[in-house]
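Okay, so chain A shows up in both of these, paired with chain B first and chain C after.
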Partner chain A sequence: MTRLTQIPGLPPLVAAAGLLAAWELAARVFDISGLPPAHAALRELPVILTDKESLLNILDSIRRMVVGFAFALVFAIPVGLMMGRSRLTAAFFNPLLMIIYPVPKAALMPIIMLWLGVGDASKTLVIFLGVSLPVIYHAYQGARAVEEKMLWSAAAMGMDARARLTRIVFPAALPEIMVGVRTGLVLALITMVTSEMIARKQGVGDILFNALAMAQYETVYATIVIIGLLGFVIDVGFERLRAHLVAWAEPAHEIAAVGST
Partner chain B sequence: MTFTRRASEIAIGILPIALVIALWHAIAASGIAPAVLLPPPGAVFARLIEQAGSRQFLDNAAVTLYRLFAGFSIAVVVGVTLGVAATGSKAVEGIVKPLVRVLAPLPKVALYPAMILMLGFDDASKIALVVADAVFPILLATYQGTSAVDNKLVWSARAAGCTPRRALFTVVLMAALPSVLTGCRIGLIISCIVVFLAEMITSTDGLGYLLVRAGRNFETVDMFVPLISISILGLTLNAAFNALRKWLLRGFAEES
Partner chain C sequence: MISIERLSKAFDTARGTSHLALSDISLDVAGGEFVSILGPSGCGKSTLLYIVGGFVPPSSGAVRVQGAAVTGPGPDRGPVFQEFALFPWKTVLGNVMYGLLEQGAPKKIAEDRARALIEMVHLKGYENFYPKELSGGMKQRVAIARTLAYGPSILLMDEPFGALDAHTRTGMQHELLEIWERDRKTVLFVTHSVEEAVFLSDRVVVLTRSPGRIKEISRIDLPRPRRRAELLVDRRYQDYVVAIEKLMDDPAEVRA
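Up next, the complex of A and B:
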């Protein structure tokens, strides 16, 4: 038993199979139209993935997510690092961030849509906002925890402030930044789906509710499975990348990574 | 010295908020953005105060709060119980850990249509979504906190005649309380966000619905009111929870 659970990837696989089995069983026992059996939903998977329109919709969603995510990283990491190194900057930004934090970013959709329309720009902006906050927060925490002596030594050797930020603070804070980036990735996916559910025009969220409205329940469940797989693949892929980039640091705390929607 | 420093930091902190509001006012007043798109801040805050006394608004806020706390309470009970059980028993750990690995990265909001199909458009599906989102941080924090508890504490309790199960809840859970409460705080803010989103996606009442309805009618002022309300609600809950946490943890060593 213990040896079996040590094979990497096996326990989650078994868990996924168990979930599917439980779903199939529940569907047969309750027999309601709102819960089609697992095999019926899975049969819809290839249909959705080979349908040109659905596929384009899904790829569109992913593209918006990637663009919003990339902009957020470029913006949030420097801001967070500067906040961590300067008390003044931190005191300036902290209360502002505190006020924005509990606002659901996707809830800004209706207002942003008034300004920028229902197209790509609003959705990408919302994803950008959602990803920025956790990344700023963790970059800030990471930069704050950098060993002062390293910075003193660098300054003594004649490194200027800007080089110290990019060549010492950034790498030293990288493990913590990665925790923020992981939270950001999860959030990017959530914000992507939610924003499309609120502004139904295109994308994965739209496929979901369209199918719901047309009572194509198998499609609803198959789309959920696709989104779930996407989340899992992103998560595993990022774990790999993180392990490669910051192999020297001990694995960071997991709570923060899953937390904060 | 520390006091003046703190006071000046608060002053610096108010500055950007004041700047944002001033900029907002300037843009609205200058007429670059028509009032339909960006109402002046004065109008928004006046409306907020006016709404705070209106019966209909308070009823909607109450519905939101009910869903929030119902979902959050269930999430706390389920998350803490599973977390402690996973620490206490290898068998439970073997089941819970892989399940969490598969389910935690799934964007729970994608499950919302399925919950609507199974539980209907009413409160139940929204509460279920809140539970699904809030339970994982609580479960993970409880599991990590309880599995880091010093074994000597358990041995002492066992030597004093405590049953293993009792030791798990009276000793291990209590020792892990700081970590458990951190998870609960994250879960609380998540609940706050999720309940609002669920109400925006499909609803006939609640703060999220007020925002969507105002959006449909192009009543921009009324769109800002629920948004500011949810921000205030989140900040209040966070502050209240921190006070509760401080009181519960009064025996623990100070932590940053």
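Up next, the complex of A and C:
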């Protein structure tokens, strides 16, 4: 049994096949229009993926996700690291974060739309917020845990506080930051779809909810499959990158992608 | 070289009171001298070393190095910690080169010097290993090479061999003495092992139980270079160890 699980890619394939089979079976047994059989939904995949308009919508979503995600990293990592090394910064940001963390970021969408409209800006901002929080939190924890003697060793070499933050604290905290970034990626995907669900104009979410409104359930499920695949590809890609970037770290970070939206 | 003048250190405790860790320490260390600081756990040995390193400020008193008051860390005083404190994302070579590059040495020169030091601490062939791939003794060798690399005139060593097994430990003591014989840096060496202190040092400073005060300073008049196998059967070595050990668990010592 352990042999089989060691074949790369096999367990997820088996899981996916099992899920499809269960779906197909359930659709046949219950026979409701809201649950088309798997094969019918999968037939829609090539249709969506070859339709120019749909593709543009999907790319549009991905672009917003990338922009929101990138801004979030640029903002959240320095903030988290500074919080971890300066009591004053932590005292300032901690209460703010405690208030914002449990709020579903999509719930802020209507307010943000009042300020920024229904276009890119609102959606990108929501993605930015969703990603920032877990990244700040993990960068903060990572920076706090940096061994003091490591910083002293660097100080003795003549590094000032700023250089230590960017060139000692940051790499030392990187394994922990990566845990936050992975959670952030999942949240980016979730907030991307939910933001489009609330501010309907373009994007994957728009395809999804248009199809839903028009009772095109095959398209609805096919879109969900596309979003799921997108998440899977992103996660696998990120895991590769992470393994490469922090190969030097002690294997202490078993990571789980969990978080609030 | 190092002059410690009436140094005291009090820490604020979580209960809001103040805890005196070091009291009125005065000590002069000559250039090229090997001085060990010995005392029971918690007596303030590390604190004393950290203050000399400039990592921790004193509550009162001062430390001067070559006449200049210590106000912070500097490359003239190189620390070696019990925890190694290597940069885990850097290879052995990267760690040893780090301080040199920081001091502005050209890459080629830094690398040559780092490779020579790595060879000196018997780690040739491990240049591209990461710290997590090394044993404790190897990590400490890297840490020593990393500190030697940027050429501090003073080494501050805080129980550097404390985390190593007995066999590795005596090996490392020999290696340290060999390195020290070459350029006779000034060394402040914290330990709680009497034998280690006697074996290595020109002078042994014994601190009292908390708060740490200087109880006695013993000069160790044993010829150098020293070999452990010879010293163990040397009467004078044994006498030093016995005398200092007696000093350490002197029941007459009561707290104020």
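Worth pointing out:
FYI, the second predicted complex is superposed on the first by the 251 of 261 C-alpha atoms of A that agree within 3 Å, B and C clash if a C-alpha of one lies under 4 Å from a C-alpha of the other, contacts with A are read in each partner's own complex, and residues count from 1 in each chain.
Keep in mind that, in the parts below, a residue touches a chain if its C-beta (ideal position, glycine included) is under 8 Å from a C-beta of that chain, and two chains touch if they have at least 3 such contacts.
For clarity, every value in this text was computed on a predicted model and none was experimentally measured.
In the superposition on chain A, A:Ala91 makes contact with chain B only, while chain C stays out of contact range. A count of residues in chain A touched by chain B and by chain C gives the higher number to B. In the overlay built on the shared chain, the residue A:Met157 is in contact with chain C alone; chain B does not reach it. When the shared chain is aligned, chain B comes close enough to touch A:Ala15, but chain C does not. Across the complex, chain C is touched by residues 147, 149-150, 152-159, 168, 171-172, 174, 246-250 of chain A. Within the complex, the chain A residues that touch chain B are 1, 5, 11-12, 14-16, 18-19, 32, 34-35, 87-88, 91-96, 98-104, 106-108, 110-111, 113-115, 186, 189-190, 193-194, 197-198, 208-209, 211-212, 217, 220-221, 223-224, 227-228, 231-232, 234-235, 253-256, 258-261. Residue ranges on chain C touching chain A, taken from their complex, read 50, 53-55, 72-75, 77-79, 81, 83, 85-90, 98-99, 102-103, 130-132, 146-147, 150, 152. By the touch rule above, chain B contacts chain A in their complex via residues 9-10, 12-17, 20, 37-38, 94-95, 97-99, 101-114, 116-118, 133, 136-137, 140-141, 144, 179, 182-183, 186-187, 189-190, 192-194, 196-197, 200-201, 208, 211-212, 214-215, 218, 220, 223-224, 227, 230-231, 233-235, 237-238.
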